[in-house]
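In the part that follows, the structures are each spelled out as structure tokens.
In the two complexes that follow, subunit A is the common piece, with subunit B as its partner first and subunit C second.
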Partner chain A sequence: MSASTPYIGRSVKRLEDRRFLTGTGRYIDDIKLPDMAVMAIYRSPHAHARINAIDLTAAKAVPGVIDAFCAADIDMDLPEIPLRLAPFDGFERFLQRPIADDKVRYVGEPVAVVIASDRYIAEDALDLIEVDFAPLPAVTQVDQAAAGDTLVHEDAGENMATRYTVGRGDADDAFRRAAYTRRERFTTNRHGAVPMETRGLIAEFNPDTPLLRLHGATKVNFFNRRHLAAAFDLPEAAVELIETDVGGGFGARGELYPEDYLVPIASRRIGRPVKWIEDRRENLTATNHSRDIVCDLEIATTDEGRILGMRATVQGDMGAYIRTNGGVVASKAAQFLPGPYRVPAFSCDVQFLVTNKTPVGTFRGPGRFEANFCRERMLDMVAADLNIDPAELRLRNLMEPADLPYRIGELVPGDVNATFDRGNYPSALNQLLDEVGYADWKDRQGTIIDGRAYGLGIACFIESSAAGPPETARITVAADGAIEIRTGASSVGQGTETGMAQICADYLSVDIDRIGVLHGSTTLVPTGGGTFHSRNTVMAGNAVRMAAETLQARSIELAALRWNTDASGLEYRDGAVHQNDAAASVLSLVELAAFAQSRGTDEALAADAAFDNEGKLSYSYGAHAALVAIDVATGVVEVEKYVLTEEIGRALNPAMVQGQAIGGLVQGLGGTFLDHMVYDEDGQLLTGSFADYLLPTSTDLPDITAIALEESPSEFNPMGFKGAGEGGIVAVAAAVGNAVTHALNAHNIQINDLPITPDRLRAALRAVGA
Partner chain B sequence: MKPPKFDYFAPDSIESALALLTEHGEDARYLGGGQSLVPMMNLRVAAPSALIDLNGIAALRGIRIDEEDRLHIGAMTRTRQIELDATIARANPLLHEAAPHIAHIQIRNRGTIGGSLAHADPAAELPGVVLVCDAEIKLFGPDGARSVATGDFFKNIFSTALQDGDMITEIVFPAWPSTRRWAFQEISRREGDFAMIGIAAWFDLDDAGRISAAGLAAIGAGDTPLRLSSGETVLIGQAPGEKIFAEAARASLSDLQPGSDIHASAEYRREVGGVLVERTLKAAWERSS
Partner chain C sequence: MTAQHSVTLNVNGTAHDCEVEARMTLADCLREKLDLTGTHLGCEHGVCGACTVIVDGAAVRSCLMFAVQAQGVQITTVEGLADGDTLSDLQQAFHDNFALQCGFCTPGFLTTAESVLAENPSPTRAEVQSAISGNICRCTGYVPIIDAILDTAKRRREGGQ
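Right, the complex of A and B next:
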């Protein structure tokens, strides 16, 4: 660590905000290339149907239509969209190709493409495409999928994409010995990331050069480049993925989707750049959904509520195909079911079921949001059954610092080394309880004032961060003094540029205004790991730190050459190399950059680094509390106050950390009360616009206190960072579900299913005569 | 989400608007604030051949009180203006109270009262208020001007007494007695969403302090906004109070004809409709007592 850190740990104003706030950001739809055409996609109106025939004649005849094509017109082997994460055996039978051939398997699956001079004409032509479908029965529930009467993929012979059992200890024995057991079924609602900016791509495909340039990339550009290059039989160097500004990712954006292949195919067909912008109606069926699991959870405890074991079955509704995120959602739900507690015995049957719905992928806190809801609801039931205060029950069971680090066992197949690092989980809960005034609440649960029932719910969580491949950074000092960082990490709007500049400014002891950050695009950096799993600050941040440290050393080397002296007497400080001679000679970075340049073009003042965490993950953890008031007669729940604590090791930029916590929490409130992809039994999506797919808005915010704790810096990187992007969302449904239950304790209403809606609450209350 | 091609005309008089509509046939549509029609066009649910834009017709705008203290609101008056207008706040405070529940400010800035009535979404606020106030809806069509009582105006979901070529020109609200008590309440999933269920209520008292006249209407409770006449009947001749309000609420349940959708079941709408009848009557009573 450098002596002074004026930037790290400060709420430095975001470097990105000027362009975002003045409307000068460059999003994908802002990019207009000469001679560019647009593309629109005919998507399946059926959840499950055989395609007998496709007639594009009328569509092609529309003036302004340049071309139209379907699977049969594509003169290459249609590639399978690859598995990037959690690629469990069996999934290979359920991969998606970019366009439907003989059968459609979800509403929204691409069937045909129109390329036209503008989007209006393209949509006119879509209306004229005639497809002869023979509808098939739709599989819309995991139970129905498991029964297997209708097969989504006949060749697979089943709808179970894969199934495995994981665990630790002897769960059955724990249940035999237990004084108390309980079993519950929980469901979490299918919803998704739904970023403000929908997806979009522009492809420039010149087979002769060869060059495939794809604008609008983000998240995991180098993985995507490798697979696109293979799909189009190009050398990787001939594929360029170019990032633009991004209006929200949340896990869904930047994965490989059918369109990542269809847009290049369109460009190659017509020899012109082709743009595709996903409209909102497409977005709600074409972009990954998430969260859709059913969990049968059993718990065994002593009569004092000490957990002896947990058993579970997690069924993940995967939608119609297994996409890039593989089995992340259900496998992480299983892995995080025991949470931050001492659960000596655990067994989980994890099932991945294919249905006729939009394929699923990751969404902020994948699996964690779901697992926390199930476990924390169950813990409150245990507390009520055993007449133990819910906070006391948690404190009895939370791992203590002495229990850590803790090797959790192989709870995801192949993940044998997963280990919770050091921390103090009870401290995070105790600080939450203090902040929310928990002691005063014990007697107030269920209090009714003016027809409104009040309840406070709490929930604890643990959350992994910063997994995956190494991340890269290169720092270059130009002769004019400008300092440029290039990193393989992407920005999806979260402030990556600012964070990287803060670290660089401190480690080079320079003014942050001199620093510019370029990221992600394959043309800017030789390689990169990408942006997911709350990893930028840890992975890219440490790569920048290491590059800055190397750049200091390089500066000293250059100064030694310049002064023709021995490097050992030189010192880097205050953005310059100092010599302890009589004259106190100084060479600034600018002078050194100019000197380097004068020595030849290969002699830049620059340094590269890659940070590899070698599989050692840092876990953030903390607790949430929700205070709700429920209008008992109408079932309307108001979250009046929300408090969360999250141990993040060290805050790089407290304002950005705060923004992550609040943004995550509000998104979590959406998932708890509003966001819901509703399908009917024919597999039609009933929430196909923002009139019916409800997102939280600025009018729906409670009073929020988000406290970032910095008591337990990560051992795995010298700056101590842990990820901070998902702790705000992961325990929201859990805390709110508990709060609602406490508020309605007079009626013994249990919240086992999400979302919590006025209609559902009233139905439950009516059933008990309330 | 781009509309198919359509022709667009911007007449400056009611007569020329009608002439254009007649000329362009049955697939031509009048355009009010565009807050329902234009999204439907973008989703290609509606595909008019021509839009006859009423926004430039001054005769369709304006708010005035006539010599009989009736409130006249031009059909193209913006919802936001209804919300903010001091004359309306005085001359029909129920309308003033309901207006902020309509969607969001951006939509209220553009949406019009005539457009909302013509669209006739059964969960929309303005049709419910117009109905409960026994307003008159003035129309102009191929046979000239005519007037329809709101009780006869709403026929079904998105279906009204408007005939081919008709436009709404004005809504006329009866005089509002200065002692009238009123309230509007609704339950929606989020602020600004269509009501799952909503109730508009008013009553007048005679010199003996008994309810001499009352209006109750529900939105989101059937295929049209509904007048809850069973509840109104209970109130007439009674002194206001929680007991009679509860009785009116119970009686109103038989007038509610709700359906189910993904946001609320029929049971919910019926039950909470009763709750809101009671609450609006209570709020109306507490407003002035």
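Right, the complex of A and C next:
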């Protein structure tokens, strides 16, 4: 460790900002290559239909159209989009190919592609494509999928992509012994990441070189490179994935999608670079949706509310195909259902059902948002039934520090070692209760002031971070003193460059202004793990630390050579190597870099590192509180105040951590009240524009207090970091749902379904005569 | 494929002669013809506000205006806000307040905020919230953006502007 850490732990201003503030960022649509064409995609207007014929003649005749193609025109075996995460047995029957062949299975599925000189012409030509569809009945609900009267994939013989049971202890015995049980059904609304920048790609495909260069990649570039290389029968070295500035990811962006294959195919067909930019309507049907869980949850407790067991059935609506994220959403919903509580017995039947809707992937806090909503709503019902204060009920059941670390059991098939690491869950809840003034609120639940009913809801969460393969970093010092970090991790806009530079600056004891950060592209480093599961600060951050430490050692070796002395007498400090001789000689990094360069091109002052946490995850945890005021006459809910605590081990940059918490929280308010992919019974998406698909805006904000706790540093990395990207969002629906229920306690209205909308609330109030 | 029209766009103090189809949006013209790619397209149907530019002082969604309608008006885009290498006070306030993350919506917030502050140099917090409620940000939760705009208003008042 450096003697001082002027950067780590400080709210260092972001290195990325200047280019974004001046309009000089380079997002994918800002890149123009010589002789570049653009493509547009004809997407299925039907949720489920056979394709009898496709006629591209009129489209091809439009002046400015260079080419048009459909599946039948592609002279290669169409690859299956691979499973990256949670690849459960059975999913292999439901993988997607990049373009529909004989049948479409969701509105938005690619059917044909037009390549033209500009996008206006390409879209003109899309209108002239004629497809003869024979519509089929659509499967739009999990119950309908389970019944299996209509099969989305006939060859599979069923709509159940996979189904398994996980658990620990003897749940049935727990329920037999219980003084109290309750059963409820909860649903979480289908919604998605919806980053402000839609997806986009530019492919340069030269089969002769061979070279496939794909611009606009992000998130998991090395995984994607491996699979694209295989799909196009190229050596990996012939595939370059280039990361540009990225306008938000939140889980959805950077996975392999049909377009990651179609854009290269288009470029190979015409021998020119081809750009594709998703428009917003496409984005809402073509980019992964998420959530969409139905959970039947049972709880068994003692008469004092001590949890004896939980049983559940989780049904995930996977949409029409299993994409790269596999079973993450429903499997994590099941795994996190018991949450941070002592639940000695647990059993969960997890079902993954295929429907005629857009395929599902991850969105910030996948499964956690859903699980927390179900469990925390249930706990408030238990508290009410047993006449126990909701906070007291939680404190009775939260794991204590002495319970930790705790092996949670194999709650995801194959994940046998999952272990909650050390922490103090009651502390995080107690600090929340203090901050929100909970003691004063106990007797004010349901108070009506000026026609508005007030309620305060709380919820606890635990959340894993930093899974996956090792992450890499390389630090190079140039002879002019500039220090460059390269990492296999990506940036999707969260401030990765700043964070990595902070760590490097401290561990090399240099000014942060000397540091530049390059990330993501497969051309930068030999391999990398990527950016997901709140892992950048933990994984890439520790790789940067290790590279800096190695670079210190390398500096000492070089100085020993330069001084022709023994390395043992040398010390690295203040950005230089010091010799403790009479002359107090010093060699700066600049001098050492020049010396290294003078010795030959292979002798750069550089160091590589890879950080592997060997699957040991750190768990962030905390609690949320929402204070709501509900206009009983209109059903409109205003969240007046919101407080959250989140234990993150150590804050690399407190202002950026705050930004993650508040940004996540506001996204969570959207998922609770607004964001909703509504489908009709024919499988048509009714919310296909921003006029219909609502996102939180600046007038929807409560008074927010987000408290990052640093009481329990991770034991799995020397800097103590835990993930900080999802704690803001994962318990929002849970806390708000509880608050709304408390506000309306006079009417005994229970929130079991998301989103919470004025019409739903009014319908519930009308039903009880309010 | 359709007729081209000549239009002169005055953008950030410079006149540009363009040949455009009547249907070309101002946003596409700025980005494709003038290479001013700081103006971003988030929805292309006038809801998200990312493409906002200042037209004769007013915040306008450049995805909802045709380039041919811009003849004779003065347009300011995000590229026109800084003074050389020096960030404007508003840009600096965004930087100081961590009011951006991915940066994609930022140009639209900056242009919207400039037009708001020109109209109302002393906005309340609620007025700022209302004024930017037509711009969507998915990263920040808006709080630091509101803080940055209020900071700028305060600094301008104190600076006698």
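Here are a few things to note about the model shown:
Here is the rule we use: the second predicted complex is superposed on the first by the 770 of 770 C-alpha atoms of A that agree within 3 Å, B and C clash if a C-alpha of one lies under 4 Å from a C-alpha of the other, contacts with A are read in each partner's own complex, and residues count from 1 in each chain.
FYI, contacts are C-beta pairs under 8 Å (C-beta built on N, C-alpha and C of every residue); 3 or more make two chains touch, one makes a residue touch a chain.
Source: prediction; values computed, not measured.
In the superposition on chain A, A:697 makes contact with both subunit B and subunit C. When the two structures are aligned on the shared chain, A:757 is found in touch with subunit B, with no touch to subunit C.
When the shared chain is aligned, subunit B and subunit C each come close enough to touch A:689. Once the two complexes are laid over each other on the shared chain, residue contacts for A:64 go to subunit C alone; subunit B is not touched.
Residue contacts after overlaying the shared chain place A:24 against subunit C, while subunit B stays out of touching range.
Number of subunit A residues touched is higher for C, counting subunit B against subunit C. By the document's definition of touching, neither partner reaches A:36: not subunit B, not subunit C. Of the two partner chains placed by superposition, subunit B and subunit C are both touched by A:120. In the superposition on chain A, A:656 contacts subunit C only, with no contact to subunit B.
Contacts of A:636 after superposition on the shared chain: subunit B is touched, whereas subunit C is not.
Where the contact sets of subunit A with subunit B and with subunit C meet, they give residues 120, 124, 279-280, 689, 691, 696-697, 699. Residue ranges on subunit A touching subunit C, taken from their complex, read 11, 13-14, 16-25, 27, 29-30, 32, 62-64, 118, 120-121, 124, 194-198, 245-248, 250, 279-280, 492-495, 655-656, 658-659, 662-667, 689-691, 695-699, 701, 704. In the complex of the two chains, the subunit B residues touching subunit A come out as 1-5, 43-44, 187, 189-194, 196, 262-265, 267-268, 271-272, 275-276. Interface residues of subunit A facing subunit B in the complex, by the touch rule stated above, are 119-120, 123-124, 127, 279-281, 633-636, 674, 676, 678, 686-687, 689, 691-692, 694, 696-697, 699-700, 757-759, 762-763, 766.
Subunit C meets subunit A in the complex at residues 1, 21, 23-24, 31-32, 35-45, 47-48, 50, 77-79, 81-82, 87, 91, 94-96, 98, 100-107, 110, 128-130, 132-146.
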